[in-house]
Amino acid sequence: MRRIGLTALIVFLALGCSGCWDSVEIEEVAIVGSMSIDKGQGDHVVVSLEVINPSALASGTQGPIGESPVVSVMTRDEANTIPAAITSAQRRTPRKICTGLVGTIVIGQALAREGVGKIIDYLVRNATVRSSATLTTCDTGAGLLQRPFMFPLPSRTLAGLGESALASGMTITVTLCEFMARLSEPGIEPITMHTVGRKIKDVQVKRQGDEVKQTDPAVMREQPIDVDVSLDGELPPDSPILNPYKETSSGEFVPGTTINIGIAAYRGDKLVGFLDDHEARGYLWTVGRVEQGTIEVDDPGGSGKKIALGIIRSSASVKPVIDDDLIRMDVELHVDLETREAPMHTNVNNQTLVQALEDSLDALILREARATLNRVQKELKTDIYGFGNKVYRKDPKLWAELEPRWNEEIFPNLEVNIQVKSRVRAPGSAYSVANR
Amino acid sequence: MKPRRSFGRIPRPIGTPAEADDNRQDQSELSVDLDENLRTIESILGNASDLAVRRLALPGEPQSSLAVVYLTSLVNTENVSLTVIEPLLSLSDVAYRSAAMAADPLESLRLTLPTVRPISTAGSMKELIDSLLEGKVVMLIDGASGALYFDALRPPTRLFQLPTSETTVIGPQIGLTESVDDNLALIRSRLKHPRLRVEQVIIGRKSRTDVRIIYLEGIAPREVVDELRRRLHEIDIDMILDPGVIRDLITDRPYSPFVMERMTERPDTVAAEVNLGRIALLVEGSPFAMLLPSQFFTLIESAEDYYLNSLSASLLKLLRAFAYILSVLATPIYVAVVNYHFELVPLPLLLNIAATQEGVPFPLPVAAFLTEMVLDVVREAGIRLPRQFGPVVSIFGAIILGQSAIQAGFVPPGLIIVAMMGTICSFAVPRAEKALAYRLVRFPLLLLGSILGFPGITIGSVALVYHVASLKSLGIPYAVLYPPGHTARLAKKLVRTAEHNQPATRPLAPTDKVRRGKVPEPRDPKNGD
Amino acid sequence: MINPRQLFFIIALTRISALLVLLPVVTAGNALQDAWISVIVATVVAILFVWLGAYLAMKHPGKSLGQFSRDLLGKTGGAITTGLLAISFYVLCLIRTRLVSLVIISHFMPKTPGWALAIPVLLTAFYGAMMGPDTVGRASEFLFTVMALIIVVSMVMSYVWSAERVAGLKPVLSRGLRPVFGAAVPAAFLGLMSGLKVLALGRFTVEEHKMPKATALALLVSGLVLLVVTIDVLTTLGPAQAQAYVMPVLALASSVFIEGILERLDLVLMTAWVLGITFDVTVLLASSSILIGDSLGIGHRKVAAALFLLGVVPVSHRFTDIFVMRQLHSIPVTGIWSAAICVGTLAPVFIAYLIKKRRGGS
């Protein structure tokens, strides 16, 4: 009996040794760190992949003398569907493209407005892309993955930017998993992070006798790339979206860098608008996802200057109140803050001062949240807050009736009461002696 | 049980007849004539150069004579005159004559000789020769067709030394030696219980090795002892030089890489295990005692566990278990992950691995096999090194060879790191004889990992678990993770921890009473305690 | 000989691995956010029927279904009832072997041929079945510990490190009870199959009076684990999206991302699953060979060898693909199958037992 088993085992092993079918040598693989998908001519999609060259990153390896080795390569291909574009990129790449480690997926604005359903389907249907990959919507698409900043890889830059953006409290990272959950859940609409491109200027600098090209740190912000996106689907042929390598009117070459500035709101799978900076924070207050950040308030002590407070945590509870046919949402926000900077002669330990501070904070936060709510309700008309979901959970039958009209009619006129309770928890750890 | 064929047997030239195995002369009776007996002895032993014959003339009977025969190589010759010759010569006339006139002179002489050592009678030439060869001193008397032999004048063996194969940081630092009696002394001094049974079995046609079975009656399961005795009696082999030979002959599964008997050089370990119901086998000529039956999960136990406090010992055992698993699975998992599932690895680490693997000519599985084999060779070489060469070879082999291989780009450094980690983890496991198991087991798992990736390793591990679970040591299952009564003991352990100040051990029999000792209540002298 | 604790481990392990990655409560049927109730329903139903079986096994110590059904129902009746269960076990064994190989191949290693994974699984199962039930019992102790550890760690990681949860379990039962019961059917079937192995392994169990309790406890514990996993899946992926997956638990696992340590968890969970399924296939093969052997009077090792050789071809041939596999786990198929087993095996034997007890007082 043992002989039968042994023989079977040996036969199988011999057959098995005929080929390790899926064995992939790691040095034959082109690892893709991030992916960007944008709209091309007509129905096409433009897929850009950031292909990493690992040996350039390894410590101790040297490139050709005088240059550092190329760390990552951008490919750019256009086709009807995403897999076809990737295949066409594969044709030009000597290594096998592997998308399994993609960390960020950037979606171009033009394509997003038409609907990201196709992209999501591709990402979900393939097991390779992990569902914890972050999605971002970008103004102008693909070319902006090119320039890494503070990290050797663009994908690492993007990931780092995403995480550090949370520190401002004005944006959040949204994973593929969450996006899909929002798509499929009734009564709540998806969001992603909103990323924009900024141009940077390169200058020639003399360093140790050689002329080296370096990013001019002084010019690193606030020069947006000119965008001309007409929203009915046709891009002008010289649009930077189609040709990110093209020189712009300023005459400088445009590899850009990206920064995260806010939230992109979707209705279903179509992009409807952007909420940036304080608008985004207004949204985040209402869903209780502000984790860090800074708020400036006028000094109640009357010095005319501002006190800066840091946000420690915030939470929001949303209760739907349904009587007869009137639906109302009661939102209660609790925010904890601590003082970070105060003007001279203001004693932040004073109880009355703290009280006044909290009152003005309440007002400020309320204003922010209301402003965003108004814009989202009236202008964007998409229920990214999940109020419909609350109604659905409370009374599914009512929701079934209301759902067809929710985004267009009911949500824009929904009455939402927001109550803010902020608490200044700490005056900081010390105050400056110069402040006396 | 098949006797083992020795590969080193010298081939006989064609045409020479086979020699007769047993010497027929052995079967003869002892003759009455002393000289004839002596001649027979000398011819049987082939005029051995260490055969000593000392003829004595007893007082008062000039024509009768005694001869004392022994092998000088086996017997402590200084003692012979003290313990044999002098008692003989100090026999008074009277005593001798009364003995001579007794019905059985040999017997009465045996009872009256003033010596402490027990004296037995040999009836046949075979018995006489056998006892000579066992190191006994034989006394022949002219006129009596029998012989007396004095028990066990053992030659001195080496002094007690460190147990070199199982060193511990704390605890007794003494090891067993090659002499069974000395070893028995060490064990008996640790277990002074009347129920400690020591049975003797002589095994081996040509070596006639003295093998002792030691167990605590009532705690060691009787069926196990009987089974062991039965198997030992069935052995038919030429030589037993070491308990390892016995192991191969009595083991349940000779073809498994897992060894089901435990060898130890430490008398405290022997005593502790015997107390738990195991059986110890001492073999003359080997400083290793064999403990049966063994359990798989003891491979993480070391002798120190008895001497450290229980928390440290338990954590160390966990660490060793982890090290064992790592030593078996490290390289296969590395190969499987890097070749099939590199998406599991965090991107920065993956980029490093990919970078270091650029330019390596071998595919990773091939490099892994080569590395593992070279490491095994280095390990073997390390054992066999003559001491003078030790540092040179270790420097050359391990450091320079490895470093050069990496720099030349023959093997990826990531693989070397993982393989070395596996090797070092394997040394953390205290049981030397289990070492072979993991060394063998790693290669099939590596093969499976190379062909089928992670699922292959999983399936292989399941098969391995089945194999280990199917092993039985003397009929007792080898790999029992939760012995019966385990949950009750665990609950007790969680509730009343102070009572258990020894690490968990696995007694074998339900009737076993292993008393672990209570931690005494703290007493405060101020309160009048 | 196996003791009741090992029986518990065996049944719990087989049920967890049967239901873990594919999670039919979520993917088959339409229960959506009430799928967790389906888990509870399935567990309760399975316990009810399996208790019957365990009770029967307990009342006939030392005998498996093959033997005592022959005592109760005569040679032909016994052969039919035993044969139904035994063949069910065997077919399920082959299905699960093929399923594990196809699912892994289609998700992780696309170019590997089907037989390359199916045959090692079947071979290992054969080895385990050959070694006998006490080996399987001892192995189950270790494998259950490993599997429990992996699942606990995965669940903890998933709760701590995964995405923001937008979906919830409310509204409860908004779609009525019918979808809930519907989704419970495949899970109940697999639970039934796991538990009824006691009818085969009962012959080798010491302390028979503890068998029903051990079996019920095993189904309960595995049901609990499945409940936790189901709730996690539903809240992270969203009920509608979860239903669309082939393997929802792997999708859940790939949403766990720990910076610098772990990119994705799905390979770890997959390993646990393969471990469990290999063991499951072993126990199925062993159980069916025990039942057939006892019914026909042959030694079960020989039957196991025959079944193994018989199974090599179906498990490796290309005509069974993943769509067929999914069909075989769907509600109508599993519903009919479990009904057939209850009516064809459990009911007759139990009724015969009651009749015998009433008549003979034995």
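Each chain gets a letter, A, B and C, in the order it is written, and its residues are counted from 1.
Throughout what follows, a contact is a pair of C-beta atoms (placed from the backbone, for glycine too) under 8 Å apart; a residue touches a chain by one contact, two chains touch by 3 or more.
Treat the numbers as computed from the prediction; the structure is a model and nothing was measured.
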Exercise. Comparing A-B against A-C, which pair counts more contacting C-beta pairs?
Worked result: A-C
Seminar exercise, completed: Closest to the centroid of all CA atoms, by its own CA mean, is chain C
For this session: Please compute the C-alpha centroid of chain A, do the same for chain C, then give the distance between them in whole Å.
Result: 42
Problem set entry | Distance from the mean Cα position of chain B to that of chain A, given in whole angstrom | 67
Seminar exercise, completed: Residues in chain C with touches to at least two other chains are numbered 108-109, 112, 116, 120, 123, 127, 263-264
Exercise. Residues of chain B that touch two or more other chains: which are they?
Worked result: 340, 343, 347, 451-453
For this session: Can you tell me which residues of chain A touch two or more of the remaining chains?
Result: 16, 22, 101, 130
Seminar exercise, completed: chain C partner, complex, touching residues on chain B are 340-341, 343-349, 448, 451-456, 458-463, 465-467, 469-470, 477, 479-482, 484, 487
Exercise. What residues of chain A sit close enough to touch chain B in their complex?
Worked result: 13, 16-17, 20, 22-27, 29, 31, 33, 52, 54-58, 61, 98, 100-101, 103, 128, 130, 155-156
For this session: In the complex, go through chain C and note every residue touching chain A.
Result: 107-113, 116, 119-120, 123, 126-127, 130, 162-168, 170-171, 174-175, 236-241, 250-251, 254-257, 263-264, 301, 305
Exercise. What does chain C use to touch chain B in their complex?
Worked result: 3, 5, 104, 108-109, 112, 116-117, 120-121, 123-124, 127-128, 131-132, 134-139, 141-143, 145, 259-264, 267, 270-271, 274-275, 278-279, 282
Exercise. Contact residues on chain B for chain A in the complex?
Worked result: 338-340, 342-343, 347, 350-360, 363-365, 447, 450-453
